[in-house]
Every structure is written in structure tokens, then in C-alpha cells.
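Next, two complexes with chain A in common: one pairs it with chain B, the other with chain C.
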Partner chain A sequence: MTPLPLLQNALTVGAILFALGLVGILTRRNLIVMFLSAELMLQGISVSLVAWSRFHGDWGGQILVIFVLTVAACEAALALVFVLQAFARTGRLDAAAWQSLRESSLSRVVDQELPSIDTLPQVWPTLSPAGVLPQADENEPLQREHV
Partner chain B sequence: MENISPSTLLMLVPLLPLAGAILTLLFGKALGSRAHLPAIAGIAGAALGSLVLLVGTSLEVGVAAGVHAEPVRPVEMITPLWQWATVENAYTPAADTQAAIPGTPLSATTHEARPFSITVALRLDPLTATMLAIITCVGLLVAIYSIGYMHHDPGYPRFFSLFALFVFSMTMLVAASNFLIVYVFWEAVGACSYLLIGFWFHKPEAARAAKKAFLVNRIGDFGLAVAVFLLWMSYGTLDFHDTLSANGTIVPGILGQTRLADAGGYQLSDAAGFAGGTIGTVICLLLLLAACGKSAQVPLHVWLPDAMEGPTPASALIHAATMVTAGVYLVTRCAPLFVAYPGALVMVSIVGATTAMIAALIATVQNDLKRVLAYSTISQLGYMFASLGTGTLLGFTAAIFHLLTHAFFKALLFLGAGSVMHSMGGVIDMRRFGGLRRVMPITAATFLCGACALAGVAPFAGFFSKDEILATLHSKAWPEAHGNHQQESPAAGHANTEMSRLMPTALISSAGTAPVGSPSGNAASVKDGLNSLNRPDVWRVLFLMSLVTAGLTAFYTFRAVFMTFTGPVCVPEEAGHSVHESPPVMTLPLVLLAAASVVSGWVLWSTDWLAHFLSATPSLTFAAVAQTAVAPVFHLNLAIQGTLAAAIGIVIAAIGHLGRRSDGPQMERFLGPFGTLFANQFWFDQLYSGLIIKPFMLLATLAAIIDRSVIDGLVECVARVPLAIGGLLRQLQSGMLQRYALAGVMGVLLMVLALAWQLRS
Partner chain C sequence: MNLALFSPGLLLAIAVTLTALSLWLLLPRGSESRPVWWLGWLLGAVALAGFVCAGKRLGGIGEEAVFLTVSLVTIVSGTATIVSRSPVYSAIWFALTLAGVAGVLLVLGAQFLGVATIVVYAGAILVMFLFVLMLAQPSGLASYDRVSSEPLLSAVAGAVLLGLLTLSIGRLSVGPATPEALALASVASDSPTAPAGAAAIDSLEENHVARLGGELFGRHLLAVEAAGVLLLVALIGSIAIVSRGEPDATDNRLALPPATATKQPQGVPR
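What follows is the complex of A and B.
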């Protein structure tokens, strides 16, 4: 394949990945999903970098991507810690749960009233022992719903 | 010990009280009731040193040789300590050097730029030695008295620390040999005075009195500051003494021997080595203003009576014996400057005599014992100024003589009043006690000695010094009665009228050319106007005022004595049951001071030692003053006049108050409208309140309103701009992550679009 169509294809894939990530980060409120979308955008860019690198016959772009991957791995670890901490505080993964950080004079944005979790017992997901079929917890769907 | 040089001794005199002050400050709390020890040790050492210096200096001057036909050799010792500040090439004389420093002989040096260098140097001459002895000796006695007087006070260490600090400042003031150093310690004694008047700062009256004293003194200090600036501009140095410049030439000091010797006859004021024209007159008047502030002369006298809110020993030392005499010292020190301008001199006398009279009149109706003494201090300082203003050697020495005797008897009277107050439980109103001579015999006897000295009763100290002052004024008023002395002192005497007759023609022609930097017509007319006051009839009025004041002095003094010590015993209830004579630590200084009040006048007058000694002061050795030396003739008719005035005063006081209780404002009623006038202190306070304080308060209120509304409003407007912008931007902070992300995306899109637009076009 000649370099130009290869570049076009790769850039298309990169753009699609980026756009998917962008849409995801703008529409989803789940912190983990938002984080995944951000990673998706990152990888879209990485694909374009590799494509351009290949097109120009220059290793610089690919080296940069290796660095991006490394940094993304570190960043993922940190971001997950933050997400877990945020979850521990509110019991929710919803980003809107943190909108109390807004300017105090503004009113709250409510698109969908969240169910109150005060009435629910705090049941945390547990891991089953290895090699054993996980036992279904009857409360789990309930917990999942507001995660 | 016998190897200590005079310079070391001179350094020790201020240093020991300073060390005492610092030690008392640091360890006062630990020493407790013995906190006075470091301070008193320091002052005692200084007193000893001063006396040794006095004896040493007087040996150097030599004994009196009868009528001094020739000026005495000036005696002066300079001890440079360190260089305080130096600015190279600070003073460049004007192109026409003669205009800048008329008559300066050292033409080689006058054209060079000179550094502004302030050397901290101490000087020793007869005037300084006399002042040091007075300050430290009276200071020591008052400090010993304070042990008894202050012993209950919680601020005991603070008092002694301030007291020693004052003695340090005052000794430095009279020992400094540079106008700037004089200014520094002029302020320092003012600060000590402020701190001691406000010693009981929790009393609102004391705090207010301290503030008033400080502020009124600022006016005088302002005069001194401007005078120092003008002196620098005119002379290019601020040193009293001659100094050596870097290349070994002599820079003549303002009062240095080079200039004084060059001034020669001092015959012609404008050309006689001293800054000529208007500047010279203005310097003298500013120095007089400074002296008026510190020495409580009209119109700046209002602070002294209020200063009595301070502890009595502080009043005795600072506001009677020493600090208030700083003005007298300053004028005496600057005698050559004043003698060059007869107009300024006569102003000194007019201020002095007026003050003496006004203060004496006010004192006649005061009922507060300490206030009587305060007004009498103002009055006696007025006497000294009246004497200084004559510009004759006798005038200057008589003023210092009166300063010395006054220091003794006024300190004695104040300490006596303090003793009464101590015993009466803090009551000082003379109407509320009486007959105390039976209760406090020592205080009564010593107070009587002081009162006799103050009133000018014959063998007591005040009689001789007051007689000399009256004689000085008399010799100006009726020169023909005093032989031909006046004929020899044209510059000091009848300046302009007789001068042309007596001057050699050459000098007159130089007088015509001298005032190059000379006055505009208006200013010159002021100077001529002042000079025209120097007439015998003016002096006659001043003499009569002084004579009347002598009578008034005797009256109010003995009124106080009769009201306090005679009649039936009467004690206010505040005193409690244990009315007693003061302890020995308080009566001992009283007795010593009483002895000094009795003998000092007679001894010094009969031997003529002081006048001879002082005449060796460089400032007083120069021709114009020395020529006017009047032999200490005992003017019988003058002595009779003075004694008669005193006797009349005492008799009237006896008729009014001896053995009688006076409860109301008896004196005031007796004097009618004048009584009201005197009781309200000639409405000076009200006048200042209406003319100065009220307008200033109004201005301050106005300024406060403008500050709060206009200026603060502007500042707040500026502060509101970011607040408003922030209010708009605040709407964006919704707390929704997606919105922030959307804003970011929009921003990127905008940038991409802009980029694309740019690339396309």
C-alpha cells in the first residue's frame, strides 16, 4: 500500500477514536467511563502520531507515543485512586454528585433526581475466592443501578 | 585615680548617668526597692566629676584680678569622641565669598568646598563647667530626695531610669560643641521631660499635660531646627570650635576663637565675622523662639504650669532647676550672634521682662502650691532673659548667676512643696491646709529659706542675683548713671545712632559694602524696626517692669508661705491621722539646698568669682561684651529699691494672709476684673484653643470626612471593578464537569477554526 492511503486510513481511525472519546466524555457522567473516554481520545491522537511518523519516515512520533503510553499508565493509576476516593466520599460514581462545588449563588442542575442511598445498607462488592464460581448476590443489581 | 585626664572626666560626666539609666532599666525589677542605687551612683559620680572639672577649669582661668580692664584669656578644651557623619564637598561657598561669610579672614580656605562633617565632640569651658556642676549637684540632691518621695510608687525603677537619662541628656546638651548635637540633646531632654510629666500616664490630666508640653516645645524645636539650617548655610560648619580641614587649614567654627578673634572689636555688626543682614537677625530670632519654647517664655509658656502633673522631684529638677534653663544657656552660648544684632537682643529682654511680669501676676491668684512655684519659675526665667538681652558681660553673667541661685532655691521650694504634698496625702491646694510649721518644722524652715531667696530678701541668694539683674537693666536704662561704660560698647549699646559717631571711617565704608547678600527692603525694615527698639526709654520700661515683678514675687511667695505654714493647724482628711515630718532622706536634701540658697549668693557675689570665671568662656571673651564689663559695684540705691519692692510685697502678703484662713477665691475677688484675668492666666490657653486648636480640629475633621468619603470611595470603586467582573464569570462555575469539558472543546474548536481561516486566506 502506498503511504498516502495508509496515512488516510490511520488518520480516519484516529479521528473516529477521538470523536468517540469526545462524545463519551461530554455525555457520560460516570467518572470511570469519562476517564475511559479520555483515554480513548488519547489513543486516537496516538494513532494519528504513529501514522504521521510512518508517513514521514521519522521515528519521533512513535517514540512520543511510547512516552504517552507510559505517562497514560501512570495517570490511569492516579486517576483511579481519585475516582475510588470520590466514590468513598459520596457512594456514587456520578460526576454530578460533586456539583456542590459550584459557586454558592447558583442553583443546582437537576436533569434526573438521583435515588437517595441513605436508605440502603452499605454493601460493598466482594471478591469470591479464586477458582470458585461467584455466588450471585441478590442485592447486587440494586447496588449496580446507582453506580 | 589622680591620672585621670580632664577629657576622660568630661566623658565620664554624661556616661555615668547613662550607665545608671541603662542598669536601672535592665535590673530595676530585680533590685526592687533598691532600684535607685545604679542611677544615684551614676549621678553622684557625675556630680563628683563635674565639681573636679569646675575646680580644674577655674584654676586654669585664674583668680579674679579686680576690675578686668582687659578681656580674660578664653579657656576651652575640646574632646572629640567620634565622627558621626561626613558628606564630602557638601558646602560650596558662594562665588562672592565675602557675601557668604563677611569678614572671614582665611581667604585660602573659604573658596574650597567643605565636607559636611558632624563630629561628636564635648567641650569644657567655664560656662559648660558651671552648668554641669549645677545640673549634676542639684540632680543628685533631688535624686536622693526621690528615694523617700517615690518609695511607694510601682514605677520606682522607671522613675530613676528616666531621671538618670535626663541627667545624661542635659549634661550632653551643655557639653556638646556642635549645633546639631545640641539639637539632638535639646530633643532628648524634651523627650525625658515628656516621659516624666506623663509618669503617671494612667491619669488623663498627666497624659494631656505631657502631650501639651511636647507639642508646645515642638514650636520652639522647629525654630532651633531652622536656625541650625540657616547657620549651616551661612557658615558652612556647625561646630562651635575651630576644626582642622583635611589639608590642614583651620575651618573657623561658628563660636570658635578664630572668628571671635577676627571679629575684633565687634564694632560693626554686619561686617564682624558673623553672617550679615537679615539672615543674622532671623537666626537670632529663631534661636530666641527655641529658647522661648524650652524655657517657657511668653508666648510659649503655657506648658510649664501643666507640667506640674508630673512627680514633684521631676518638677523640681526638670521644670524648675535645669531643663528650663536650657534656653538661657543657649542664648548665653550664642552671645556673639546676638550681640551682633542689638535688635534681636532687645527682643530677648522684652520677651523676658514681659514674661516675668505676666507670670508673676498670674502667680498671685493661684491656690495650688506647685502652680505658684511653676509660675514663679516662668517669672524668674523671664528675669534671666531680660538680663541676657542687655548684651553686656554683666548681663550674661548675672543671668547665669541667677540661673545658679534659682536652681538651688527653686529646687528647694519644689522639694518643700513635695514634702508638704507627701505628708498631706497628695493634697496641694493651699486653702485646704495651714499651720504646718508646727507639724513639719524642718520643711517649714527650709521652705522659708527658699522663699526668702526667691523674694530677694537681703542676705539670701536671690537678693544678690536679682540685684545684679536689676543693675544690668538699670545701666541700660540710665547709662549716664553708670559712668562711661556704655561709651565703650557701641555695638551692644546704642547701636545705630551713636555708631556713626564712634566708628572709624574705614569701618563705616565697609559697612556700606558689606551687606551684599542683603535683605530685601521689607526684611531690612523689620531689622531696623527691631533695632529702633534699642532705646533707653524702652529699657526704662523694662527696668520698671522688673522692679514691679520683684515686688509681686515677694508677695506671691510669702502668700504661699503664710497660707501653708502659719495660722492654726489645718490638715485635709486625705492625710489621715499620721501627719508627720518627712523622713531624713527627704529632709537632708532640703537642708543642703537651704544652705546653698543662703550662702551661694553672698559667696559668689562678694568674691565676684562667678563673673570672672564665666568671662573666660570663649563666647563671652570677645571685645563687644568684654568691654562692657561693669565692676561689681554695689548699687545702694538699686539694692534699696529691690528690697523695698520685696518688703512691700511681703507686708501686703502678711496683711492678707498671715494667721488667717482663706477659703474662697479671696485674692481674685479683691482684685476684681484683674483677678479674673489673672486667674484665667490671661486667657492664653483659651486664646490658643480658639485660634489654633479649634481650627486645626475643624481641619482635621474635614480631612477625616474627605478621607472617608472621597478617597476611600475612590479606592472602593477600584475594588468594585474586579468584583463585578468576577460576578459575571462566577456564573460559569456550575460544578458540572461536562460543562467545563464542553467549554474546553469549544475553545479548541474556536482555535482550530481560527487557524483554518488564517491558513485559507
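What follows is the complex of A and C.
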């Protein structure tokens, strides 16, 4: 691929990742998914930086991505600590659990009634039985109890 | 379907609209419906095709099958990351996104960063996310995972941002080689005679990791030191916050003893 289309394609992939992360951090309510979305935005930025680095034949973009990785690790550690603290205080990972911190002019978020989740049954994988069922020994569970 | 009927601007507008609609359909809105779910994915695929065809130069995206594959994996799993109802599935899809991003970086010639993304992100950061999920996730699907806050506005905002970025990316072009551009290129690249073309691109490929390390620990040594300090501060800070913020912090065995107890008595021979 010639340099310019490769740059444009990579920049498009980076832009898509950034937009997806933006939508996720704006709209999801689970704190952990919000941080995953922030990481998604960082990934988009990294792809764009490396694309420019390749286009210009310059190391600057790749060096910057290394520091993005470093800062992302620090940010994830601190953010997850705060998430754990928030969960210890409220028992939920919900961003709306902290809506008492909102501006006084904003209205309160009220959850609507959700339909029952019975429409999504959990299906576990099963194995078809093979061979002969072994003879059960009544004493065996007692013997194995202390192993 | 003859996409040449549409002008690129109209095509881009349609792609933006379809993206917003697709994301809105896919985001959790309280009610679960399989046809709506698949319709969202279908609209997203159509929108992606529209984005591919929108820019005049973006038509060359099919030239490299590897790049196409890894970018498709990245985009689809990135979408699944933000629309999955269960945060555990979100984390797993994000791991696949990281694999796709590493593939994109490898195609772009950043070998060290491709491997570092896998090792650092998927190996360390994502595992940290999963540990926190294990500690904090209530059993079953929580109600706040099944609804979004303002899904329509957010999807529209993301799609419009994507459209604007695509517009500006599609307008990129290599101008005629003016003396200023050549001077910039020679400053940016290592060799003073390399133009900002194919010759300069291949200069990053040979002896890649050694030269990246030389650049990192040469010109950017101070930044490396600052990053090390940042990592140390984040480590100490997270431990301090965890140990001080416990709700039942009545256990004060870790508290410092009074200052008088630790003072060395004067005049005691060693």
C-alpha cells in the first residue's frame, strides 16, 4: 500500500475506535465499562500516532505511544482503586449511584421498570454420557472427606 | 448496489446517520429483542461500507487483506465492547480489540509497540479489570447494565464526530514537494536527504527495537525518568487509598506508634 492510503486507513481505524470509546463513556452506566471505553479511546489515539509516525518516518509517535501505555497503566490502577472504594460504599458499580453529587438544577435520574429477564435463559453446555456408570461405593465419600 | 450514484458528501451523511442508528439500536435500552440486535449489527455493517466508500482515496482499503482483516476485527470487537450487557463480556471483547490493535500496529511497522500492547494491556491492565470485576460484580445482570443514559444523544454525538474526522482524513493529501516540506522531512527523519516518502518509511523498519530504545533512552531520557516516578506514585497511591478507605477501618495495627515510642534514647551506647 502506498503511504497516503495506508495513513488514511489507519487514521480511520483510530477515529472509529475513538468514537466508539466516546459513545461508551458517555452512555454506559457501569463504572468498569466506562473505564474500558476510556482505554478504547487511548487505543484509537495510539493507532493514529503510530500511523503518523510511519508516514513521516519519525520516532516521535511511537515514543509517545510508549508513554501512553505507561500513563494508561497508572490510570487503570488508580481508577480501579476508586471503583473498588465506590463499590464498597454503595454496593453497586452504577455511576448513577453517585447522582447526589449532581448540580442542583439537574433532575434526578429515575430508572424505569425493566422487563423480566426470563427471556434470556442461561444455557450450559452438556456432554452426552458415554461408557458405563461406575458402581457407587457408600464408604467412598466418607473416606475422601478428609483428603 | 451502485454507490457511484451518491456524491461522497451524501454518502458520508448517510453513513453517519446509519452509524448513529446502529449504535442506538445496539446499546442497552432496557428491553431485549433479538431482531433489533441483529438489525443494529446489519446497519453498522452498511454504515462501515459507506465510510469505506465515502472518501475518494479510502477506496484503497481493500488492497491489503491483512490490514482489512485486523481492522475489521478491531472495529467489530470494539463495538461489542461498548454494547455488551455483561461487563465481563465487555472485558473479553476488549481483549480481542487489543489483539486487533496489535495487528494494526504490526502492519504499520511498529513491531515493539504491537507486542507491548499485547503484553502490557492484555496481560496486565485487562487482568486488573477482570480482578476488579471478580471482586465487585454482583451476581446476575445488574439493572444498570441493561439501560444506558441518553443512548440516542450519545450515539449521534459519536457518529457526528466520526463523520467529521472522516471528512478531514479524506482531505489529506501529499502536496508538491515544497522546500519547506523537504526541510521539515529532513529535520524529522534521521537521514538529512530522505524525503517524506517511501524511503523515509522504510528507515524505521531495520534494526527496529534497538533504534527505538536508543531514541527512547537518548532524547527522551528525562521523560523516562518522569514516567518511572509516575508509576511509583501510582503504585504507592493506590495501596494507600485501598488501605485507608476501608469502611471498617477500626484495625489500627498498621498505624504508626506514638512518636515517643520510636525515639531513640539519648546516650545509649551502640
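By definition in this document, the second predicted complex is superposed on the first by the 105 of 147 C-alpha atoms of A that agree within 3 Å, B and C clash if a C-alpha of one lies under 4 Å from a C-alpha of the other, contacts with A are read in each partner's own complex, and residues count from 1 in each chain.
As a convention for this text, a contact is a pair of C-beta atoms (placed from the backbone, for glycine too) under 8 Å apart; a residue touches a chain by one contact, two chains touch by 3 or more.
Predicted model only: the values in this text are computed from it and were never measured.
K.L.:
Should chain B and chain C be called a clash or a fit once both complexes are overlaid on chain A?
P.N.:
Verdict on chain A: chain B and chain C fit.
K.L.:
More chain A residues touched by chain B or by chain C?
P.N.:
C
K.L.:
Between chain B and chain C, whom does A:3 touch in the aligned arrangement: first, second, both, or neither?
P.N.:
The second partner, chain C, only.
K.L.:
Output check: A:16 vs chain B and chain C. Expected answer is one of first, second, both, neither. What do you get?
P.N.:
second
K.L.:
Looking at A:87 after the superposition, I want to know if it touches chain B, chain C, both of them or none. Which is it: first, second, both, neither?
P.N.:
A:87: touches chain C, not chain B.
K.L.:
Quick one: is A:59 in contact with chain B, with chain C, with both, or with neither? Answer first, second, both or neither.
P.N.:
second
K.L.:
Going by the contact rule set out at the top, does A:102 touch chain B (first), chain C (second), both, or neither?
P.N.:
In the superposition, A:102 contacts chain B only.
K.L.:
For A:29, select first, second, both or neither according to whether it touches chain B, chain C, the two together, or no partner.
P.N.:
Once the two structures are laid over each other on A, A:29 reaches both partners.
K.L.:
On the combined arrangement from the superposition, state the nearest Cα-Cα distance between chain B and chain C in Å.
P.N.:
7
K.L.:
With the touch criterion stated at the top, can you tell me which chain A residues are shared between the chain B interface and the chain C interface?
P.N.:
Common interface on chain A, chain B vs chain C: 22, 26-27, 29, 95-96, 109.
K.L.:
Enumerate the contact residues on chain B facing chain A in the complex.
P.N.:
Touching chain A: residues 730-731, 733-738, 741-742, 745 of chain B.
K.L.:
Where on chain A is chain C touching in the complex?
P.N.:
Checking each residue of chain A against chain C gives 1-13, 15-24, 26-30, 32-33, 35-37, 39-40, 43, 46-47, 50-51, 53-60, 62-63, 65-67, 69-78, 80-85, 87-89, 91-96, 109, 111-112, 114-115, 117, 119-120.
K.L.:
Which residues of chain C touch chain A once you look at their complex with the stated criterion?
P.N.:
Contacts found on chain C: 23, 27, 30-32, 51, 55, 57-58, 60-61, 63-64, 67, 71, 74-75, 78-79, 81-82, 84, 87, 90-91, 94, 97-98, 101, 104-105, 107-110, 112-113, 116-117, 120-121, 124-125, 128-129, 132-133, 135-138, 141-151, 153-155, 157-159, 161-162, 165-166, 169-170, 172-174, 185, 188-189, 194, 196-198, 200-201, 203-204, 211-212, 215-216, 220, 223, 227, 230-231, 233-235, 237-238, 241-242, 245-247.
K.L.:
Okay, in this complex, where on chain A does chain B touch?
P.N.:
Interface residues on chain A, with respect to chain B: 22, 25-27, 29, 34, 95-96, 98-103, 105-106, 109.
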